[in-house]
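Letters A, B and C name the chains as they come in the text, with residue numbers starting at 1 for each one.
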Amino acid sequence: MQLTIKHAEDGDSASARTAPAQYAIQTRRLNIHYGSFHAVKEIDLSFQKNRITAIIGPSGCGKSTVLRSLNRMNELLPGTATSGEVLYHGRNIYDPKVDPVEVRRRIGMVFQKPNPFPKSIYENIAWGARINGFRGDMDELIEGSLRAAALWDEVRDKLSQNALRLSGGQQQRLCIARSIAIEPDIILMDEPASALDPIATLKIEELMTELARKYTIIIVTHNMQQASRISDFTAFLMVDEGRTGFLVEFAPTEELFVKPRDKRTEDYISGRFG
Amino acid sequence: MNQAAPTAFAPHIERRQKLGALWKLLFLLSTLVGIIALAALLLTVINDSFGLVALQYEVDPASLGRDGRPLERLEPDELREILTARLSSGLIRRLESEKPLAERSREQLYDLAVERVAKLQVIESWSLAQSLLSRGEIRRWLEENHPEALLKFRSWVSWRFLVQPQASLPEKAGVRTALLGSLWMILIVVVVAFPLGVGAAIYLEEYARENVFTRILQVNIYNLAGVPSIIYGILGLAVFVRLLARLTSGALFGGGDPATANGRTILSAGLTLAALVLPLIIINSQEAIRAVPQSLRYSSYALGGTKWQTIWHHVLPGSFDRILTGTILAVSRAIGETAPLVVVGASTFVTLNPTSIFSKFTTLPIQIYQWTARPQAEFRNVAAAAIIVLLVLLLAMNTAAILLRDRIGRRRREG
Amino acid sequence: MGTRQVFEEEMAAVNQEILRMGVMVEEALHQAVKSLVNKDGELARAVVAGDAAINQVEQEIEDRCIVLIAREQPVATDLRRLVTSLKIVTQLERMGDHALHVARGTLRLLPEAYMKPLIDIPRMAEVGINMIRDVLTAFLDNDAERAREVASRDRLVDELHNQVMREVFTYMMENSKFISQSISLLFISRFLERVGDHVTNICEWVVYSATGERVELNQ
């Protein structure tokens, strides 16, 4: 069966599938504990560059935990212990010599509930740029980021307005613009549209597809239709009897949703278990 | 409502509504009790702050005039002459030690003359209610008993009241020194307790790890907030006044008032109150910091912010309005503290303004306390006037707290 | 209550409808050929009239499937099943058309006597009807092996058709007055051979529904 490829610039689809994959970030034998609770075990995932990878699974299976471990945000919860490796540009980001602050600049994150700073739209973006030592033309950076986040036209004449007065969907796009401004490689998104209405959701999804040209997108979602609509690859996680999350199947989205290899995946995506 | 078949429910709607109305009434009554108490306080104070007074000179100032010029037109030298002639040598010595007569201005000498020589005294004062309701009776009583006396309506709270220092005569007494003392106190408390308190709160909320030690620390802070203020007074006496006498008296810095080469200074009082107020500020600031939503911190970290950048740029601005409000409220509590300051050694009779933090001091509540203990009936009026001043100060601070919180808070949340 | 109970029930209903349509087509073929053998004009006309009902059922099943896809967003096995269902009913409808053509052929041949007894043609119909029944069972059971087995029987149908062709050619060459009849019989045989091909197509889709693999089962 000939599968469609979303990214025309790859050229011939057959060669795109047989060429050695370019991985933006990989996990190897990733285990995460919260105190004595074993949250996820032995996660081996490789995320391809400039693709959208979705992580799906029932509640409590550790999807957000895995996502947060990709930019060391899980360390912010006290008592978290991470073992295994997360390789980014060949280096393990959990190496003691690596500064998590630097990691988080390169691997940005957008959260479920839009959380812009209670400052002006301009300041929201400028702050991140400033603390990361941006020395160029700030106005240009702001405009560029807002354009890339498909928000420029809507806010160009009210940049000094408080960001909290924007609608939910606009706020979320602002959060995306804020992340883009500091030039990351990878953008992690934790259920970015679950707090938004359907129209805003669609806009975010369109934006994600557009952003994937330049960045690698990894998204956690509980909305299966969303995952099947926009992602190139899908990872399915589940919990075992001890409530520890593990990876069941990882495949190109077209395969996983038409011809999943594991019965558990089949049951989950067909809605036959919760 | 249709007549349904009997079910398992017996809603008793009317009874429940009546019960609800009863509770509402009880709550209203409690509120009314509070309002009545407050009204009673205010009325009492206002009643005593305004009223008719009967004034009389012991020595007619007209008799002190020279060459046809009345007392108020005399030259400073002439006034000095009168004073030295008429006052006791002991009194002259004391006045000289406070401030030499030669250095006093003409107004000051005139006031001294009126106060000490002519001795315009209030021989009788009446409350506002009496003044308004039984004016005729009072006038008659006065004609019978003190025909030369003047009857004037007097507001005990006046500008003069604010700028005059303490005096032994009620009509001359003013709150200037006490007011200044209180203001100095506020300054020291804020300068010391605010940074310490907010800093401790930041540490406890953002940096400290959850372990036995920090939990004990937290419990102790809560306990300290409930410790009676007199204990702080004893602490202040032992540590600031006695142990650190060299520091608090200013001797360490070479400064200080030679008249009071001990630790009973504004600095000691301020430090004592700062210690009292510190747990309150810490607790309040902790809660303000805790109220900042975690999502704000996460978005800062996700952009590559360090912990300190997150705190400085997001957590503190986000909690600042509440911290400020809490601090102002804590400080307004400190203004009213009397017992600990008595222990630490507030002077009860200070007529000269405090010149530095190493001076003797008195504060408004102490002054009020002292005046109510005086025998002369008129000091009641003076005390009432001082209470009004204190209340106005408290009201101003609380209003400022609310306004600031609303303004800063609203600007942040809505832009 | 199991998850997606309504969906399961709907899918079961669709399966039942497909079976019903299969039975209708089997009946149509059976009766068409019976009318041919017995020269039963009335039966043949009944078959012709019955085709409308088959078309109607096809549409109903298609509509149900389309609605299910729109409302339930099926994925994986469910999706493959629904797509297969759509493909099956298309093939069944064509087979129904072939029954119709056979019946029409019967009516055309009514006035003439047969040049030889009809043996192979009814035989082809019988094999074909069994193939339909068995492949639909395989569809219900999601049995790819069974489907492959059914597909292999098409060879028999093709052989029978070749035999019919050879015999008919012989008769045609011997006596030119049999030409018209021969041509009609050839067409009828062709229609029944096509039935076998259609069933094979169904077998391919059943294999896809069960395994997700696309296979080529027509020789």
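The rule is simple: a contact is a pair of C-beta atoms (placed from the backbone, for glycine too) under 8 Å apart; a residue touches a chain by one contact, two chains touch by 3 or more.
These numbers come from a predicted model, not from an experiment.
The touch graph of these protein chains is an open line. For the criterion of most C-beta pairs in contact, the winning chain pair is A-B. If you average the CA atoms of chain A and of chain B, the two centres end up 58 Å from each other.
Chain B and chain C have centres, each the mean of its CA atoms, that are 102 Å apart.
Here the CA centre of chain A is 51 Å from the CA centre of chain C. Residues 71, 73, 76, 78, 101-102, 104-105, 108-111, 113, 115-120, 127-128, 131-132, 161-165, 175, 178-179, 182 of chain A touch chain B in their complex. Contacts from chain A toward chain C in the complex involve residues 1, 224-225, 228, 257-260, 265-266, 269-274.
Remark: chain B residues 209-210, 293, 295-306, 309, 313-314, 318, 412-415 touch chain A in the complex. On chain C, the positions that touch chain A within their shared complex are 2-4, 7, 73-80, 212, 214.
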